[in-house]
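Naming follows writing order (A, B, C, D, E and F), and every chain is counted from residue 1.
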Amino acid sequence: EMTSTEKEVIAAEKELRRGFASLEVVQKDPSIPVYHIYLNRPAQRNALNLSFFSDLPRALSLLSVLPSARAVVLAARGPHFCSGIDLSALQSISSLSSLNPDPAASAVLLRRRIVPLQTAISAIERCRKPVVAAIQGACVGGGVDLAVACDVRFCSRDAFFAVKEVDLALTADLGSLQRLPRIVGYGNATDLALTGRRISAEEAKGMGLVSRVFDSPTALEEGVDLIARGLAEKSAVAVIGTKAVLLRSRDQTVEDGLDYVATWNSAMLMSRDLVEAVAAQMEKRKPNFSKM
Amino acid sequence: EMTSTEKEVIAAEKELRRGFASLEVVQKDPSIPVYHIYLNRPAQRNALNLSFFSDLPRALSLLSVLPSARAVVLAARGPHFCSGIDLSALQSISSLSSLNPDPAASAVLLRRRIVPLQTAISAIERCRKPVVAAIQGACVGGGVDLAVACDVRFCSRDAFFAVKEVDLALTADLGSLQRLPRIVGYGNATDLALTGRRISAEEAKGMGLVSRVFDSPTALEEGVDLIARGLAEKSAVAVIGTKAVLLRSRDQTVEDGLDYVATWNSAMLMSRDLVEAVAAQMEKRKPNFSKM
Amino acid sequence: EMTSTEKEVIAAEKELRRGFASLEVVQKDPSIPVYHIYLNRPAQRNALNLSFFSDLPRALSLLSVLPSARAVVLAARGPHFCSGIDLSALQSISSLSSLNPDPAASAVLLRRRIVPLQTAISAIERCRKPVVAAIQGACVGGGVDLAVACDVRFCSRDAFFAVKEVDLALTADLGSLQRLPRIVGYGNATDLALTGRRISAEEAKGMGLVSRVFDSPTALEEGVDLIARGLAEKSAVAVIGTKAVLLRSRDQTVEDGLDYVATWNSAMLMSRDLVEAVAAQMEKRKPNFSKM
Amino acid sequence: EMTSTEKEVIAAEKELRRGFASLEVVQKDPSIPVYHIYLNRPAQRNALNLSFFSDLPRALSLLSVLPSARAVVLAARGPHFCSGIDLSALQSISSLSSLNPDPAASAVLLRRRIVPLQTAISAIERCRKPVVAAIQGACVGGGVDLAVACDVRFCSRDAFFAVKEVDLALTADLGSLQRLPRIVGYGNATDLALTGRRISAEEAKGMGLVSRVFDSPTALEEGVDLIARGLAEKSAVAVIGTKAVLLRSRDQTVEDGLDYVATWNSAMLMSRDLVEAVAAQMEKRKPNFSKM
Amino acid sequence: EMTSTEKEVIAAEKELRRGFASLEVVQKDPSIPVYHIYLNRPAQRNALNLSFFSDLPRALSLLSVLPSARAVVLAARGPHFCSGIDLSALQSISSLSSLNPDPAASAVLLRRRIVPLQTAISAIERCRKPVVAAIQGACVGGGVDLAVACDVRFCSRDAFFAVKEVDLALTADLGSLQRLPRIVGYGNATDLALTGRRISAEEAKGMGLVSRVFDSPTALEEGVDLIARGLAEKSAVAVIGTKAVLLRSRDQTVEDGLDYVATWNSAMLMSRDLVEAVAAQMEKRKPNFSKM
Amino acid sequence: EMTSTEKEVIAAEKELRRGFASLEVVQKDPSIPVYHIYLNRPAQRNALNLSFFSDLPRALSLLSVLPSARAVVLAARGPHFCSGIDLSALQSISSLSSLNPDPAASAVLLRRRIVPLQTAISAIERCRKPVVAAIQGACVGGGVDLAVACDVRFCSRDAFFAVKEVDLALTADLGSLQRLPRIVGYGNATDLALTGRRISAEEAKGMGLVSRVFDSPTALEEGVDLIARGLAEKSAVAVIGTKAVLLRSRDQTVEDGLDYVATWNSAMLMSRDLVEAVAAQMEKRKPNFSKM
C-alpha cells in the first residue's frame, strides 16, 4: 500500500503532465533529478500574462514534492528571457478594480489583485529546492522581479537588464525594490530603479546580479545544466537547509540567524548523508546521498 | 482664488530667492524641472559649518514642495566636494555641552545637539524628489555622510573618498556607519571606517559607492545634468513612489516591503501617467506626464 | 596600590603566557600594541578542533582587557589558513548527542553543543578591539565562518575560499550563512553556499570578501602588520566606538542606528583624544592618543 | 455579462454549499451579512482532526470573497468549544515523518507537515473580514491556538482555558506561544504555557483573553450575534482597514506602523462611505454603507 | 554675555507668551516647574482642528527647551477632554487632495497631508519631558490618539473612551492602532478598534489604559497636579533618560534595549544628581537636584 | 567509563557544594528535582552586591547542567525579597570608571562595567530550566529587574514593588525598562518607572506582574514549592522548548515565531515523552518522563 507521501508524488507527476498555458516544464534526462521551467511565450518575448502568475506557483509547488526534482532551472524559450509584465495583464488588473465607483473600494480590490501576483513570484523562494535562473536577451521589468527571486542567476553575453517599471509610470511592486538592493547593494539598486537604465551582462556581473556570464545562449544552457546537476547530486537535506537558512537569515539579525540555524541543525545535522559524506571523503569516492 | 497648495508653492519660491548662507540653490533652465544645490564655501573646501546644517534641510523642504523641482542635484562649487565637518562647528557643539558642570547633563545636552545634525543629513532621504550627488575632488568625513544619504552618486576621475572621522578621534555619527555598509557591503565599509584610508574614484566605482566615473569635473557636470533631466522627465508619481518604497524596504524584511508596496500601489498604481505611458508606448511617442 | 583594572590586566597577561593548545598568541614587538593570534595546527591545515573553540574566545577575552592590544591580527601558521572544522570535533559533537535514546532529547543536547561553537566564533565580534584576518592558502568551511566574523580581511594571491559545508551534507551553522551575504551581497552568497565552489583571491576581492590581495604570503604578513599598526596608532576610543557602532547598526534600521550612535557619542565624543587630534592637526604633527 | 469578481462570488457560494467534513458554515439570516463557522464534531469535543486543518482555510477563503460575509463568528456545536488537536492527527503527522530512516530527512518531512497546520490557523488573520470567537466549555490546547488567532473573543461563564500542550510533552506550535503574550501580557502567558493550568472565564476576562463573559451559552450566542451584526453594519472599507492595520502594526515599530497606515489611508481614506458617514451623522440617521 | 542655550530659553519663553489658537499653555505656579497644556475649544468639545495640529508640536518643542518645564500635563478646558478630529479639518484635508484629477497624484498629496498630523501627535513622545494626560468626559477618536501618545494617563470617574473612527468609516491613522495594543493588550485593542464601543473609566483602569481614576474632575486636577509636581522634583537627567529608554525599548528586542540603556548610562549614569541622591538618602533629607 | 556529559554533571555538583557568597542554593528534597536559589543577605535586605552579580550566573549555569534541577525557585531569606542594588556596588562601579581623566575613556570603561551586570540578570533567561520567583516584603529597584527576568512570579500579601531607580537619579539599566512593559503593558510600566511609586501585591496581580498572591510568606513558600514540583514533573523536553520558544517569540514577529517553533519541533516533537504522555493519558495514569 502507498503512503500518503507516495500518493502525493504520483498526483504531482500526473498534474505536471497536464501542462501549463505559459510554461513548459521538463525533466530533460530521467536519470538526472533536474527540472527545467521554460517561460514559453517567445512570440510575446515571454511577457508575463495572467496565466503565468497561476502557472508558476503551481509548477513550483508540484516540483517541491517530487524527489526527482532536486534542482530547478528557470529559463526561457526564444531569444529573450522576459520582457516584463504583459500589458493585457496590467489592463485586466486595473479594469477589475476600476469597476467600483468608490475609489476606496477600488483600492481595496486592487490591493487584493496585486498581492497574488507577488505571491506567485515569491513561490520561487517558497520552493524548497534551489532555483537557478538562466537568462539570455532581454530581462526587463517583471523579468528582473523574477530573476532576483531565484537563488542564483547566470546569463549569456547578449543578456541585458533594466528595472524599467519607472518608464511605464509604475512603482515596481513584484519584488525588485526589495530583493535587488540586497543583491547589488543599495546604491546600484536605486540607480537602476530610478533611471530605468539598461545594463549589460558584464555590468550585471560586476554588481553581483549574475554569478557568471557565458559566451552564448548555448554555452549558457550547457553551463547551467552542469551547475544544476551539481546541485542535484548534493545531499538534499543540506541543500534544502542551506536555502531555507539563507532566506530566513536575510531578513533577520545575525544573532537571530545563528539561533535559527542552531535550532535547524539540532534536527537536521545528524543525517545519514553526513555519515555517507564523511565515509565517501575518507574512501575518496563520490558520496551516494539519500533521496528526499 | 489660489488653493492652499498654490500658496505653498509661491511661498516656497519666495523663500528660495532669499538664499542661503552656505548653499547656492539654482534652477539652471526654467524649462527644465531640475534644481541644483551647490555647497558654496569653496574657500573652506566646503567644510560643513553650522549654517549648512540648517540651510540644507530648509532648501530640501522648499524643493519638496515645488512642482518645478522634479529632480535635485547636490553638487559643490570649487575643486572639492566637501572636506568634512568644520572644526568651528565641532567646537561650537562641544563647548555648548561642556558648559554644564554635571557630566550627565552635558551628555544630555550634547545628544540634543547631535540629533539635529543627523536630521539635517537625513533630510535628503525625507525629500520626496530624487537627489543625485555630483562629486569632484575631496569627499571626506562629513562629505561621505552627505554623499551616502543621496539616492545616486556620480563622480569625476579626480574624486577621492575617505571616512576620516576615526583620524579625528571620532566615531562617525552622521550616517556613514549606517548607510555605507548597505551600499558597498559590510566588509568594505568596516575597512574604510576603521582605517580611514582614501579610495580613488575607480575603487569607489568597483565597490558600488558611485554609479559612474566621468572623465573630468566638466564631463561630470554635463553627465549628471543629463541624468537629472532624465529623471525629471519621468512620471513624478512613479519616481516619488520608487524612492519612497526603496527607502522603506531597505529597513524592512522582504515580506514587509512587499506588503508595503502593495498598499502603496493600491493607491498610486492607477494613475493618469500610467494610461499616458501605455498610450505613448503604443503610439511610439514620448509620454507627457502630469505635473505634481 | 593597584586598581581592580590594573589587577585585571596583570592577571590577563599571566594567563596569556600559559598559552593555548590550538593557537599561538604573540605580541611581535613590545613597543607596538598589536597582538597576533595564529591558528597553530599546520599539520592539520589548521582544522578547527574542540580546543580551538575554547581557546579562541579565551584569547580574545584576554586581549580585550590588555591596553597593549589595540589591534589583533588573526593569521595562521603553515601554508593554509584553515581547512574547516575537524572531523574529530564533528564526531565528538554528534556522538555526544546520539547517546540519548530519545531523539528529541538528543536534539536538545545537540543544540546545546552547537551554540557554544557559534559563540566561540562570535567572540571575534565581541572583542572590542579590531580583528584583521590575514589569509593564505585554503580558507574553506569553518575557515570562512572565522574569516567573515573578522572586521577586515586581507589575503595573498594563493588564497582560495569555499563554503564547502554543503559537500559534507551540512547546513553551515557557524555564521557564514548569516555574515557572508552582508559582505558579498545575497546573490554571491547563495551561489557560494549552494554550489560550494572555490573562488580565487581575485574573485574574492571583486566581491568585497577581502579588501586587498597581496602578492605573496610574505607580502601579506608585512602588509597586514602595517595596517594593524596603523589601527593601533589611532585613538582607542574612536576605534572601539567605530567597531561597536558598525556592528550594532548592521542589525538595525538606519534610523535606529543613528539614534544609537547619537547616544554613544553623547558619552564618547568629548574625549581628550579629540582635543589632541585637533591640536595635532593644527600643529601638523602626529597625535599622541591616550591608552585604554 | 458578469465581471470576473461576480463569477468569483458565485463560484464561492456554490463551493460553500458543498459543505465541510469538520465544520458547519451558515448564514443564519440572509438579510444579515454575517456567517457562522461552527466546529462540528461535538462527539469528539471538537478535537481538531486533519480535515479541520484543510476545511478552515478553505471556508475562510470563500468567505473572504463573499459580500454577504462582512463579519464571521467562529463558534462550536456541543457543550465544548474545542478540546485540542486530535490524537489521530498527531499520530498521522508523526507516522508520516517517521517513515524515513534518516532522522534528518524525517525532520525535514515533519517540518513540512507542521507548517500547513500553522497556516490553517493563521487563515483567520489572513481573512480580511473580522472573525469573532464565541467560546463555551473547554477551550484547551489547539482550541487556544484557534481562539487567539481570532480578532476578538467572547465566552460564557462555563468556559475554561488551558494551554495544555506541555502536558502532552509538546511545545505548542500552532500560535499560542506567539499570540497569547501579546494578548494577556508576557507574564500571564508564560504562567499558562509552562504550568498548563486551567483558568476560568472570569480569570480570562481579567487578563484580557476575552472581552466579555456572558452568563450562559445561550446568552453568549445572542450577544455575539448582536456584536457581529454591529460589525457587519459598519463600513466594510473601514473594518477591513482596521483589521489589516492592527495586524501589521502588531509586528512593527510604532513608527513603521504609522507610515503604513498613512500609506493605507492615502488610498482608502477618501471613500464614499466617509461621505455617507458624515452626512448620516449630520442628518442624525443611520448610515447606509456600500457593499464590498 | 548669554550662552546660546540661554538665548534659546529666552526666545522660547517669549514665543510661549504669544499664545496658541487652540491651546492654553500655563505654568500655574512660577515656583513649580510644571506646565499645563489645555485643549481650549470647549464649545467644540475640544475637537482637533487644523491649528491644533500645528499648535501642539510648537508648544511641546518650546517646553522641551525650558528648564522651568520639568513635567507637562495635557488637560482640557470644559467638561470633555476631546471629541475627536474636527470635521472641518477632515474636509480640509480631503478637499485639498481631491483637487488633482489624477487619483494617484491625489493619493500622493493626501499622504503628504496625513503624515504631519501623525507627526503632531508624536511630538508628545519627542518631547523629552514626561507628559501626563488628565482626562474628564469624552475621550474619543482623535482624543484617544492623543491620550495614548502621553506617557501616563489619569481620568475622572465621568470619563469615557471610544476608538470611534470606524463609525466615521475611517481606519484610525493617528496612532491608536499602533499604541493602544501595547498599552491594553492586543485583544482589548482589536475589540475597541473594531467595535468602536465606549468604555467607562473603570473599564479603562482594568485594561491599563489609565493608571488611576479620580472621583471628580476637581479631584483629577488636584491629583494630577500632585503627580506632576512629584515628577518635576525628581532628577531631570533620570526622568529624561527613563522616558527616552522606555520609548526606544518599546520598539526593540529586549537585548537591543539592554545594549541601548548600557550605552545611554555610560554617559548619563555618573551625574551630580546621583551623588546628591545618595547623600540625601544617607542624610535622610530631600535631594536637591540640578536644573536642566 | 563516564561520558563527557556525566563528567560535566559531577563537576557541576561539586562546584555547587562550594557555595556562594551572596546566595544559598539548595535541593530541599533529593527525590524532587527542584532547586531553590535564596538571596542570602537578609541583614542587608538582600541588596545586590558585586558578588551577587557573579554568583547568580554561576549558580544558574551549574543548575542548567544538572538533571536533578528541572525547575528553579528564586527566593529570599529574611522578610524582604530584595531592596535593590547595593550602594557599595554602585560606588565601586562609578569609582572604577572615574579613575580615567578622559571622560570618553571613563564612559567606555563604565559601559564595560554595566554590561556584565545586565548579563548576570539575563542569565535567568539563558538558564534552560524554568525559574519561578517567590517574593515577600520589599521588591524594589534591582529586585524588580530580577523578578521580571524570571519566567513566572508569585508573591505573598505583604509584598510591595517599586521601580525606584528614578529616585536615586538613575535610569534603570538592568532590564526593568525592557521587560516590565511586556508584562504589565506599556502604560503601567511608564507609570511605575517615571513615578517610582510603590504598588501592593494586589495591584501587582491586577497588572499581571505576579500570577498569584498567597496569604503569607509561609503560604507562598508552600505554594511555590508545589508549583515548582509540578513543573519538575512535566516532560523536560516540553518545558525547555516552551521556555525557549516563548523567549524567542517575545522578540520576533508572530510569523517569525511560528517559523521558529516549526523548526524547533521538527527536531523536538517526536520525543519518547510524547509517546509516554499519550500512553499515560489513554491508560489514565501519571506519565513517567525521561530525565535530561
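We take it that a residue touches a chain if its C-beta (ideal position, glycine included) is under 8 Å from a C-beta of that chain, and two chains touch if they have at least 3 such contacts.
Computed from a prediction, not measured in an experiment: that's the story for all the values here.
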item: Path length in the contact graph (chain C to chain F, fewest steps); value: 1
item: Option in C-F, D-F or C-E whose residue-number contact pairs overlap A-B by over half; value: D-F
item: Pair joined by the larger number of C-beta contacts - A-C, B-E; value: A-C
item: Rounded Å distance between chain A and chain E, as computed from the means of their C-alpha atoms; value: 48
item: Inter-centroid spacing, chain F versus chain E (mean Cα positions, whole Å); value: 34
item: Sites on chain A at which at least two other chains make contact; value: 103, 107-108, 111, 179, 182, 184-185, 206, 237, 241, 250, 252, 255, 259, 263-264, 266-271, 273-274
item: Residue ranges of chain A in contact with chain B within the complex; value: 87, 90, 94, 97-98, 106-108, 110-111, 114-115, 118, 122, 165-173, 175, 177-179, 181-182, 184-191, 193-196, 206-207, 250-251
item: Complex interface listing, chain B residues touching chain E; value: 3-5, 96, 99-105, 107-109, 111-112, 128, 236-237, 240-241, 267-274, 290, 292
item: In the complex, chain D residues that touch chain E; value: 130, 148, 151-153, 179, 182-185, 206, 208-211, 227, 230-231, 234-235, 237-239, 241-243, 245-246, 249-250, 252-255, 257-258, 261-271, 273-274, 276-278, 281, 287, 289
item: Complex contact set, residues of chain D against chain B; value: 248, 252, 256, 259-260, 263-264, 266-268
